[in-house]
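Structures are listed in the sections that come next.
Here chain A shows up in two complexes: once beside chain B, once beside chain C.
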Partner chain A sequence: MSMKKNFPIILLVVLIIFPLVFRNPYHHHLMILVLVWAIIGSDWNLLAGFTGQVSFGEAVFFGTGAYTAGLLSLHLGVSAWWGMIFGGIAAMVIALPFGWICFRLRGAYFALATLALNEIMRHVATNWETLTGGMRGIQIMQTFVSKLPYYYIALTLAAVAVLCIQLIMKSRLGYYFLSIREDQDAAESLGIDTHFYKMVSLNIAAFLSGTAGALYMNYMGVIDPETVFSLHDISIMAILVGIVGGVGTVYGPVVGAFVMVGVHELFRTGFFGFFDWVARATEYDVLVLVADYVTHAHVLGFGVLVVLVILFLPNGIVGDKENIVRWLFPFRKKGGAD
Partner chain B sequence: MTFFEVKHLVKHFGGLAAVNDVSFRVRQNEIFGLIGPNGSGKTTLFNLISNFHRPDSGTVHFNGQDITGMKPHRICKAGIGRTFQVVKPLGRMTVLDNVVAAAFSKTSSKKKAVDLAMDMLALCGLTHRKDVLASRLSIGERKRLEITRAMATQPKLLLLDETAAGLNPSELEEAILLIKKIREKGISIIIVEHIMRVIMTISDRIHAINFGQTIAEGTPQEVADDPDVIEAYLGEDYARG
Partner chain C sequence: MRLFFTISFYKTLFISVAIICFLFILTAVSYSGSSETLIKKETVRQLGTQKERIKVGVLLPLTGKYAKFGEIEHRSFIMAAEEINASGGVNGQLIELVVEDTMGKQDVGRSAIEKLITRDNVLVVGGGYSSSVTWSAVFVAQQQKVPFLVNTGSADKITEQEWEYIFRLNPPVSEYSGALETFLKEVAGDVKTVAILYENSLFGQSGAEKFISQCEKLGIDVLMSEGYEAGAIDFKPMLVNVRAQRPDMIYMISYVMDASLLMRQARELQLAPKLFVGGAAGFTLPEFLENAGEAAENIYSATLWTESVPYPGAGEYYNRFMEKYHIPTEYHGAEAYACMYVIADALRRAEGMTPKGVRDALAETDMMTVFGPVKFISYGNKTQQNRLPTFLVQWIDGKLETVWPQEVSTKKYRYPLQVGDSGYHGNIMDVFLQTLAAGILKGGLYGLIGLGMSLIMGVMGIINLSHGQLMMVAMYITFVCSSCFGIDPYFSLFITMPALFCLGTVIQKYTLNPLMEKESLLPENQVLMTVGIAMVLTEIARFIFKSDYKSVKTVYSDQTFFVGNVSFNVPLTIAFFIAVLFTVFMFWFLLKTDMGRSIRATAQDKDSALLMGVNANKITVITFGIGSALVAAAGTLLIPVYYLYPDIGGAFTRKAFVITILGGMGSTVGAILGGLVLGVAESFGATYIGMAYDDMIGLIIFLLVLIFLPDGLKRITKI
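What follows is the complex of A and B.
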């Protein structure tokens, strides 16, 4: 019980100290990605995991935020940091009419609508060249050379997002979201305006995602439609972060973000150069080839990971943590855990 | 002012008239029974009142307000609570959370909502199950959860859709006691029921329908003696005999 209570605080303290102990910019970069994914995953989880409205369009809001920040800087000469506010608002401007129309759809039909919106946004960003620069994307001057400021901004944003969602889920809003997820007709009969509260959930998620997108623009300095409006790299990845970490748990997406960024990096670097090292040590050229294949197969790795998670941890790492404890300590007496 | 009145309700599904020109009034603090054979339109009538279906024509008035065509959540806020024949527990929430979600309809304070929910759980005898997931409840308990939840929205009128169906004899006794207790709190009840023992003992008045049309209305005894009702339930031979 006390572990459960203290976990967020311990995690936060560790994350605050982390860059001061590990000074490698590469590690900082990875951690910034983890934090950005924690935000995106949490937003997806608020809408899909808690409110039951599965979305394949997380990239819509992330990309809108990123483009708002970029366009503000490109066309108006305003600092791209304003995108942290206006990017969130722009994402809500997209979310409002979309939700108003598409929340009449239930289940898979709503999910398909989000998928369609994702593709619409990507095509708009690609083809409206006079505004967005098309496939070339947008490039801006980064504010800081060091990664530390970005790290702490991302950490603040992630902490605020997770804390907000935690508070929401303990309030009336949270009860309403869960009721809608469990049974929309029952929720209506209990006096819950399901259409309105689905809109609330969508817009909170959209705002936070838009903010994360703006942060991404500021940090990377360059975006294009294929990265920020990407169906598989953003929208599907957000779903994977949620599923692996634990759908419908506050800290699931945070854990999911660590795992997914970790697995991605593991494949990208060929298990941190392990294959290359073995190849050099044994002088087998074929292993170099294997290493090359592995580095390009991170999507396959995600697939295997998701299959394993669904088979053994259907509620995700956080949702099924009792199972993990049982596997790690098989001789512990039942009930002795925790 | 009439407390609750439906006038000339009509609902067609394709070529079938599920409810065809039904009218009745319910008085304050009355238990009003609605009976009819399978497929006679009782549940459709309920769905028309709580507007899960929109009526083709006719009106529903409640407390001097025309509530025809109002969205279900507005009808709930207006003071009509309902249960579902096919129970709809919020499965992955605890029993307490199910009721708290309902209790939030009249207050935004969590403490007040939890207090109200606990009162309702005590009233309906589910307190000992409050920390169990709703999906783990037995069918009898699920039916009781439906009532508890509807009660937590603090209705003036409660619509009970076959809450006694599928219960064993001892659960049945408890259900009858519970419905009487709810009435003693000053709440009016419209109840749809197949089990005659339940509806005949607790109803003040009964409205019988068949093929979507009214066939009789009156006290339980009057309705039970009505030849049309006997015919609808047992066939022509018994009605003439």
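What follows is the complex of A and C.
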């Protein structure tokens, strides 16, 4: 029991001391990505897992935040950190028409509408060259050379996001969201203004995503429409983070972010060069072939993983953790103490 | 015996393992890159002893849409490194290449270069293919103070930042047309107007911008400059506009497949300027010739290198590459090869094996390579940029000849072009009619694509995001039938449709149906499963066929017939009629047959249908199969007028659900009407607003329909 309560604190402590123990900037880079995805995944989860509105358009808010921060910095010389707040606000502004268009639809239709809006935003960003520079994207100089400041800012933001969501879900507002997810019509008939609360949920998610986008802009220094408004790499990845981690759980997206970024990079580098190393060490030619295949097939491996996870862990790692525990320790007595 | 999982789990596991093993065997057999792994073997043996090896990082897109060129560069790097190592390496030390895959994406490129610099501790980085990925990577290299020798990324700004750690071997995109400039001045002085067409990428947009300013300098009028989304099926709306403007020259910045479609369709429209010039690699590759056929004749192209350039070793490099890898190399390969030699040279001269030492040595480079002389100078607003002349090549009698400057030409240029000049350029009415015709024909094909998805969505309520990928699979099957067995695409219909039917049923039965039984918070898991399946299908295709562009050319691929002044493409017209035929058939099937009625019943209310004795699970499986077969037909019919590569699915999936919503889920007539509406809307949008917006038109219509007419056209058609 105490394990469950202390888990978040332990995690936080681990994350705080992580960069001091592991000094390699490459690992810092990966962890920053994990944190950014944790934020985006949590936002998506708020909207989808808790309020039941599965959106394929996370990238709209992420990209808006990124571009706002970038443009403000580029044209008005606004400091990158103010840019983060403005990025969040801009995303909230976009959320208003977004919600107005999409919330009149349900289920599959809602999802498709968000997908369409995602693509439209991408096209707008690509074609409105005078504002966004088109495919040239935006380039700003980064404020810090070292990665540590970015890491801690990302950590703060992620912690704030998760904490917010946890507090919300324990409050009355959270119950409103859950009721909308479970049965929107019943909620409406009980007098809950579903449209209003859906908008609230959307705005919170948009603000956090927008801020994450602004952070991304500051950290990467360069963005373009293909990257930040990408349907596949941002919106669908956000959904995967949420689903793999655990829809409808507070910490699910955090776990999901770890897993997805980790697995993606693992596959991309051929298990961090493990296969290459083994091949070299043993000089078995077959292994060289295998190493080659793995490197070239990394997206395939990723796709297969997605399919398997959805098939066997539909509620994600956190959501289905009893199942995982049961699989790992099949001899555990049922009903044992936690 | 306790089974820790259900039997079905083990069944699935077994089948998946079996499929993976089968694929491995298939690929091992067909893997033409076997020589490549042999190279790796050799390199591994050479590097057997743990002597200090010098680590050189290489950043390239080995997977993703640029994989083809990434691979050519990769192999060139390897070839060069081996040659250098075989002749003693760098001052006795061997070079070790650490290659990282950028996947053609900026953020991945960023991770890749971080890894190279901080984890692999490379002394210097080479490579850099796509402009935008290179741009974000050089940022990091400069920050971390590791020298980066860019050999392909051509956006000007890469060397305009006064970054002392960044060097570039290849000319920036603004200089690509240098040879064209002199040609225009000395030979084609009568060219006074130009129309510019470019793809909407960093490369295209910046290239177009630079060319416009060059035209201003030369006193050439830019009549129009239009961007388009790469991957379009139909360029006629844009080309018909071009034709109406009557430019003397048409300048195109396109990637290989768009280039070939542009030329084929320009020919169908009898577009006849004095000069057709391609401003990018697209127009010089063998794939271009393969897909464009006769339409490639007389096209000029600005290029940076051909195997007949007068630099020592160029021709030998070309031949050695061909011998070793059995495919031709081209200028990207030459860039990579030269890059490796320049890096090796710098390493030899470096004072101290540190990044700074290598950087200083690079700055002093002054050598000759197969790509040309290399010396990094500052000029204009650029620093540490190598300056090279460019060439004009022209397709003459099916061969790519260097035609300008004359000193190095292999054949005399042909100017002005003798393209069949009907002398007819079209008036407003013709533009309108051509646009309409193009839209209708395209719409027929769209309707067929949408028909399948509409059925699936209507019956099961799942958004099948792998629809386009199913089409891709069918297209690959058609390709194999055509290239290995010589079967005409129209006959392949009888193969692809059943094949995809089977695939569809398998997918539904083993991956989607099980999901419906699982308890989960969100019903949208099914949609995500289709996303996963789409990824898997795409990657399997890439695994087997690589990322190369494939074409299926038939005798009738480019045939057109004219009604008045409007040109109709024959295969597209046939596809249109077949689509209508299928729609009528499906209409009858759903209305009159038992199976059809069962399907409609399941679509209306699954539980009631179950109560009525309909085997709902079997119905869903069959419906998915039928839907897949229909989209397979669409793919087979499309391939003679388009092209094929693994990532082709995504765009069609998007179109499919726009059409499905437009027409109404489950409505057959609605699907074809929806397809027509979309096709026509896109065509008109492309002609009258701009080709870059044709996708947006579809999306906006989609949203409007979702909001105001959620049942789609079904309301009107009732079926």
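Quick note on the criterion: the second predicted complex is superposed on the first by the 315 of 338 C-alpha atoms of A that agree within 3 Å, B and C clash if a C-alpha of one lies under 4 Å from a C-alpha of the other, contacts with A are read in each partner's own complex, and residues count from 1 in each chain.
Methods note: a residue touches a chain if its C-beta (ideal position, glycine included) is under 8 Å from a C-beta of that chain, and two chains touch if they have at least 3 such contacts.
The structure presented is a predicted model; accordingly, all values stated were derived computationally and were not measured.
Contacts of A:N315 after superposition: chain C is touched, whereas chain B is not reached. By the document's definition of touching, neither partner reaches A:L266: not chain B, not chain C. Of the two partner chains placed by the overlay, neither chain B nor chain C lies in contact with A:M199. When the two complexes are overlaid on their common chain A, residue A:R172 makes contact with chain B while staying clear of chain C.
Set side by side, chain B and chain C differ in how many residues of chain A they touch, and the one touching more is C.
By the touch criterion stated above, A:S189 is placed in contact with chain B alone, chain C being left untouched.
Once chain A of one complex is fitted onto chain A of the other, the partner contacts of A:H123 are limited to chain C, with no touch recorded for chain B.
Residues 248 of chain A lie in contact with chain B in one complex and with chain C in the other.
The part of chain A that touches chain B in the complex is made up of residues 170-172, 175-176, 178-179, 181-183, 185-194, 248.
By the touch rule above, chain C contacts chain A in their complex via residues 2, 4-5, 9, 12, 16, 24, 27-28, 36-37, 40-41, 44-45, 47-48, 62-63, 100-101, 103, 105-108, 110-111, 114-115, 118-119, 132, 135-136, 139, 143, 155, 157, 200-202, 204-206, 227, 457, 461-463, 511, 514-515, 518-525, 527-529, 531-536, 538-540, 542-543, 650, 654, 657-658, 661, 692-693, 695-696, 699-700, 702-703, 706-707, 710. Listed in rising order, the residues of chain A touching chain C in the complex are 24-26, 29-30, 33, 48-49, 52, 54, 101, 104-105, 107-109, 111-113, 115-117, 119-120, 123-124, 126-127, 129, 134-137, 139, 142, 145, 220-224, 226-227, 232-233, 236, 239-240, 243, 247-248, 265, 268-269, 279-280, 283, 285, 288-289, 292-293, 295-300, 302-304, 306-307, 310-312, 314-315, 319, 327, 330. The residues of chain B lying in touch with chain A in their complex are 50, 52, 71-73, 76-77, 81-82, 84, 88-93, 97, 100-102, 104-106, 108, 110, 113, 149-150, 152-153.
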